[in-house]
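Quick one: the structure is below, and I'll ask about it shortly.
When the chains are written out, they are named A, B, C, D and E in that same order, and each has its own residue count from 1.
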Amino acid sequence: MLAVVWLAALTLLAATVELLPVPAYDSIVGAPFQPMLSPDAPLGTDAIGRSIFSRAIYGARASLTFGFIAAVIALVLGGLLGLVAGYFRGVMETLVDLCSEVVQAFPAMLFLVALAAAIRPSLATLTISMAVLMVPAFARMMKGAVLAQTGREFVSAARAQGAGPLRIMFREILPNTLMSIASFGIMVMATLIVIEGSVSFLGYGIPAPQPSWGGMVAESQSQLATQPAAVMIPIVFLFLTVFALNTLSDWMRSRFDVGQNQI
Amino acid sequence: STEAAAQSDPTREAAAGGELTMLMYVPTRSFDPADDNTMASTGDATRMSAVYDLLLVLDPVTGEVRPQLAESMTPNEDGSVWTLKLREGVSFSDGTPLDAEAVRFTYQHIADKGIASQARAIASWKMEVVDPLTLQITIPSPNMHLDRTIADALPFIVSPTAVQADPEGYSSKPVGAGPFVLSEYVPDDYEVYTANADYWQEGLPKLDGLRLELVPDAAQRINTIASGAANVQAPSSDADAALLSNAEGQGLVHFGVEQSGGGWIYMNNERPPFDDERARRAVYLALDRTELAQVALGSADATAIDTLFVADSPYHESEVRFPEPDAEEAQRLFDELAAEGRPVELSYINIAGEVNSRTAQYIQAKLSEFENVSVDIETLDVTAARERVFVNRDYDMSPYPGAYKFPDPEPGLFNLLSTGAMWNTTGYSDPEVDAALAAARATADPEERRAQYRTVQERFMEDLPGLFTFTPTITVIAEPKVTGLSYNARGVVSWPEVGFAAD
Amino acid sequence: MTQTAVAAATPQAPATEELLAVDDLSCTLTTPRGELRIVDGVSFVLRRGETLGIAGESGSGKSMLSRSLMRIAPRSAELTGSVRFDGTELLGLPVERMSRYLGPQMALVFQDPMTALNPVVPIERQITEGPRRHLGLSRGQAKARALELLELVGIPEPRKRLRQYPHELSGGMRQRVMIAIALACDPQLLIADEATTALDVTVQKQILDLLQEIQAERRMAVIMVSHDLGVLAGRTDRTMVMYGGRVMESAPTRELFAHTRHQYTRALLDAIPRMDQPRHTLLRAIPGVPPDPAAELAGCRFAPRCAAAIERCRTAVPPLEAATTGSDHLYACNVPVNRDGRRPA
Amino acid sequence: MTSLDVVRDPAPTAEPGAATEPRPPAEPGSLSELAGPGEVVLEVEDLVQRFSVPGGVVHAVDGVSFVLRRGETLALVGESGCGKSTLARSLMRLQRPRSGSVRLLGEELTAMPRRRLRRMLARMQMIFQDPISSLNPRRRTRDIIAEGLRIHGAERAGIPARVREVMGEVGLDPDTMSERRPGDFSGGQCQRIAIARAMALSPEVLICDEPVSALDVSVQAQVLNLLERMRREHGLGMLFISHDLSVVRNVSDRVAVMYLGKIVEIGDTDDVYAAPAHPYSRALIASVPAPGGAALAADAELRGELPSPMRPPSGCRFRTRCPLASDRCASEAPAFREIVPGRRVACHHPLIEALPAAQTAGAGS
Amino acid sequence: MGVRLLRLVPVMVLITLLATAAVDFMPGSPAVAILGNEATPEQIAALTTQMGLDQPLFARYAEWLAGAAQGDLGRSIRLDLPVAEVIAQRLPVTIELTILALCIALLLSVPAALVAGANVGGWVDRVASTISSALISLPSFAAAVILIYLFAIRTKVFPVSGWVPFAQDPLANLQHAFLPALVLGLMEAAMFYRVLRSDVIATVRETFVLAARARGMSKGYVLMRHVLRPSLFSLLTLTGLALGRLLGGAMIVEVLFALPGLGSLLLQSVPSRDIPVIQGVVLVIAAVYVLVNIAVDLVYSAVDPRVRVRSAA
């Protein structure tokens, strides 16, 4: 599985980058726009003379932690909300629907731009705000999955056994929705990384000098005609990562579906 | 660029006719000069120049004032009363005459609105219409160089009739005496202008029409011109070398005029760490400003500003220079400050944008090579940054958007350095500098002025209140066939002569 | 595609009457689990006007057999053997020519009318598309024919129904529509694959009666597939019992029930509760579960569940043959049920 | 509770006493059970269940009353959509009934607080039609079976032993099957797990909603035998829902025929099959296809289709399809009355009055 | 349907309130934005009072809401024009872009998905699926950068930026709209393709498709007449979502291509704290979103007769 290899390698690099003999992301290692394979900068240098490789790896760290943590927070919160809303219906369901409608109809970019100005953007604030933004999506998705599961006979069977709502939600319904919500989570993680890239590209994301793939593209975008590498390398990193995550999510879903069919 | 420039001469005379499309950076805010507080050539000023023409023109290199709509502007002997004489027979496109009353009305209008940078100053003037073509202006503190302020910041005159007819809507329906008349305006998109048939200069403007289009992204502007969909981009002062070479690569030409002044980064002299001269000096010594210029402009040929005035300027002092980089000394100063319990920990308020962002990151990266110094970059949008830096003065370093230019030290250098002056956001205050600036303002004698400004330059190099980076250049990127381009010190195009080469 | 001589395997078929001759038909599916032989060496002959019942448990390959006959099995299916329809070998026909047989020559009625009717297409088009393609009818002619057909299958207010969608009809009506669609091009052979399984007993009876009526009227040949032996009992000329893709026993229906020979058929009959038994009678269940088509079995497919199985059953496949020459009661069993072992009907 | 040898020597596939043994004779014991009116374990009175759907109200169950005695199997037959499942679900309070009463072992369930109800449900268990979907695909067999015990607070240490015991009882091998998940099993095995799950709680009432209709005929017999054994060994009262009249004939002591939300006839199975009193019962029984099935009286044939439960016909609900319908049927809903001892019918023109009570001939032969 | 229309109200109120609050929390008031660098605190205070910005957020919002309810969206601070006029000027661009993008997306995805779904594992399926996975993983800014590089810088086939109104020069208009619409369309096409393909795969397995084949219908006929329509539901939902999203302005693409649409209007209004315009745009976006979703429900019933009955009943 190439996707897993790429993700694992990237995660490993990102996690251990301080121990590796690569320059810091904000130190100048040479003249601007050094070509590939120069000493200290295997992928060349950017407009300021920093190593693109270092920055791409540190950017991976930012993107991966951001995407992962935001997705997990949103998954847990949204999952629980959706579980409750899907099982009890009523007011909770209306509320979840309303929230998700509001969030979906609200221009996310406006929210992020305003947020970037209102509170000082940092990886943490960005993570939390994106997580909050994604909660309704998970809630809605979970609600759908729960509704589908609640209609299945084994839930009735559990109730007929005298199981209470908590037991049914967590023992019967939740395990059956985990795979689909997890694969959705991975897809959302990919989406989040794209959003982070876009926000950073517009200049409202992860604050400089911390590298972010979107920010790296923006910093060199005007040199696209003369220095395509500086623009394309972060795009390639971003693309491969998102591609790998999407592939992983697809794979999980297809596994899940097959499991479903075999039953 | 030399080759391309050689093939086309931007000042060569244009043939009559044709329609020119210029790409703009900044969306149109208003066509009312009373609403413009920046006079930026990249924004409304260039548009207004087409509609209103200019009263006086300030030469970008020599700092000389040339008459345009006005015939002359002269002071009395101490510079407390100025007389503005207007040309005969100039009228607005609505047919009403551009006379002394119109000028008075315009300045009063600006003062009343209270938005333009000179609004407060005008409020203290006494204006008197002596005869239909003569306006007398009495100013509270003598200034031998008010004509430069007028040429620089108050060159546009509105039609009083039009303003009074529709005060609400005037900002989008301007009436002036310029070479062009606004015929279509789509906010945030484009404007179309047609030649003013009654323009006061015979045979001008050259062009039949003008179209100004908004394209905020720099690379896109060049690509658009290269693709033939536009002819020229608005003059700007932060020419990014990568952009220029990109333009060259696509067969475009660019013209530049170097000016005194430079890319300018405020340092907050009113609070630690930069209330200490040593901290400011240490930053100067730590940075390699040439490298900074190269990174910011994205060009290996870029150079840093090394004197306040360019060599062509009468105030150029070749030996009064910015300090050379000296890492050891910088480190020593940082250590010294840290030892005194005043470590250099600075918050850098950055304004979103590519050049700004590179500059900030270069400074951060460079200073991070030193001990006892740290930089924390916070990027904000223009308005938020403005509130932080200009209103609240809650910053340590922050870039001036664009370059700070003074073709003549009046009024630019005065506004920048004298205590409490309009643009003195650094909070710099030095009695000696204040005195020298005031003395220079009060005299018209070139030698006297030169002496006073030498003192100012010497004090500046001692105190280093802010960080000057690269030399500003008014740059135009255009198709080779565009010609007749000239601009004032602000980089505002003088539209009448602009046109296409005859062939 | 291997082709066995047709004539040899079908001694009991008078050539003139013969409509469909199937010889050694096998259907093999390639799946991730391996090659599955879903239909394994099925041979039979069907005459005009005759009704053949095919019985067997779920998964015994009944549906795949019907689909193989019409060559609408999944793409991964490989068919071998021979299917001769009215003298023409179908298995080698080009797709386009084969599709000309579907409708005017042979038609299929599906088990679940809800899923076999397109929910978003009005009844009218589903009935008329066949005649328009195969019989070249105009729009108006086809509509008239559709009305006729709906009346034939006993749907009240046919004009109104034509505009309706399947979900607007009840289960029984949907199945009638299915039959109307199948009859639309006057097929010579109608295959009813569990045509009544999804229906209530009362409706099932109506539909079966309807089918019988139409068949008699048109002298159609019918293959009636069902897992319910009861359904086949009164209504077929001949019954074939399938298990694990193979034919276990094949005999004239009366004979099959009266003189069951195969152990599997016997067990199946015994496992079904009967109306004439006292209540709470324990049934003779067949132990174990139906075979997995992926499992390789050397001998008789039923051997693992068969109480009477002997060693030979597990090693060699018993051939499908008659006990006495000339008899048309064929069975593939080493230890056939004794004639006196049968229960009173 | 169960014989130890079953636990020690489980026979997961071979049904003892089924295929290997000769068919046992009809059991006289069951008759005696029926004869002496046993203890009433479930008593349903005038139960009503309605659903509001866009466009109207579905009268799914409309005033159903019956009693179920210990050790007795009551079968419920009727066409698809007549409300059988809804009735079952209402009894379990999976859907709270609109009105009426359900008394389980003398306790009223309809108004019972949820907590108590849940405890009460241990005594009444249910088996669903689709064996596979009624088991959680993500849980192991032993967890599924133990779930009820855990819910009802059985002593933790005792649970595994009890699970093994029940698994043995239903013919599942505890050693090889405990750890596997429902996906690994066939439909018949899944239904055994479902039965084990229900039996683990030692209920007194078992409701089976079409427990065998999704199974193959060969496997169906295994499950029917198992249920029969459970009933006999544990003295269960069983409500057996089915549309297969042959199966009903085999398993039930009494049968209730349901039509469009109402029970139209209830009585001893043998009697009803031999001489149905309601025209609908007769039509149903006459439609059964079987080798040597019923010879059908022409007037038993039904006309038309089941009316919509949203707009049930006035008067007698069956009148639109009834060969005997009269004007009275349209205006007056027939009372559900006892016409002979042990037999109640809701019909203005019951067939049984026209027939001599002595007629016994089995339909058909 | 009525219920859904009622939902419109709280959704729109919540969204506009949220937008107002978000911009309000940003440092730097409209007064600062208007007055520029050299403004004195007194000037700012005076302008703030003059514009009524010293009132509490809720009071200001309530006032705006009251106006909006009567159709008065206020006046732009930045452009000094009525908000309705500003939006009306931008809307055609966004609408055209949306329509073009959706057309591109549907034209690319529907045939590909139909063929791929009917022949899983075939070459069309393999090629189209690979492309769609790649496109889905490509952020729109990256796609735009790459397309600009290829089509505008390298080959100069299309103009890079700007906009020519359709009425003015239809050909130039299409040229300007094409690249941005392509970027948007490709993104949506990838999503559409995936969803439609999997639905087609599911439909092809349906018995009624087999039944149609059993009637001797040709493969193409079966695909077009029996497979396509029942497979359209998820695609419809997605198209509705995309329509709502695109009509709300595709910000990045509009900014990158300098298109005067709603998205770039919104982004341009933020630095100048042009709250009335932001409120107006967000209101339009929310209304469009909710209305489009209602419209999708209506289209559902056109495609699926079963829905028709359910909602009519």
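The working rule: a contact is a pair of C-beta atoms (placed from the backbone, for glycine too) under 8 Å apart; a residue touches a chain by one contact, two chains touch by 3 or more.
Fair warning: this is a prediction, and the values are worked out from it, not measured in the lab.
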| item | value |
| --- | --- |
| Chain-contact steps, minimal, separating chain C from chain B | 2 |
| Maximum centroid distance from chain D, chain identifier (CA atoms) | B |
| Gap in Å, rounded to a whole number, between the CA centres of chain D and chain B | 92 |
| Distance between the centres, which are taken as Cα means, of chain D and chain C, whole angstrom | 32 |
| Whole-Å gap separating chain C and chain E, where each centre is the average of the chain's CA atoms | 54 |
| Separation of mean Cα positions, chain B and chain A [Å, integer] | 44 |
| Shared interface positions of chain A, touching two or more other chains | 113, 117, 221, 224-225 |
| Chain D: positions in contact with at least two other chains | none |
| Complex contact set, residues of chain E against chain C | 206-218, 221, 225-226, 229-230, 303-306, 309 |
| Chain B - residues contacting chain E, complex | 27-30, 35, 37-38, 114-115, 117, 120, 168, 171-172, 186-190, 213-217, 220-221, 223-224, 226-227, 229-230, 250, 380-388, 390-391, 422-423, 425 |
| Chain C - residues contacting chain D, complex | 57-59, 170-173, 200-206, 208, 227-231, 233-234, 257, 267-290, 305, 307, 345 |
| Contact footprint of chain A on chain E as seen in their complex | 7, 10-11, 14-15, 18-19, 22-23, 25-28, 133-134, 136-142, 145-146, 148-149, 153, 241, 244, 248-249, 251-252, 255, 263, 266-267, 270, 278, 282, 285-286, 289-290 |
| Complex interface listing, chain A residues touching chain B | 24, 26-28, 31-32, 47-50, 113, 117, 120-121, 203-204, 207-209, 218-219, 221-227 |
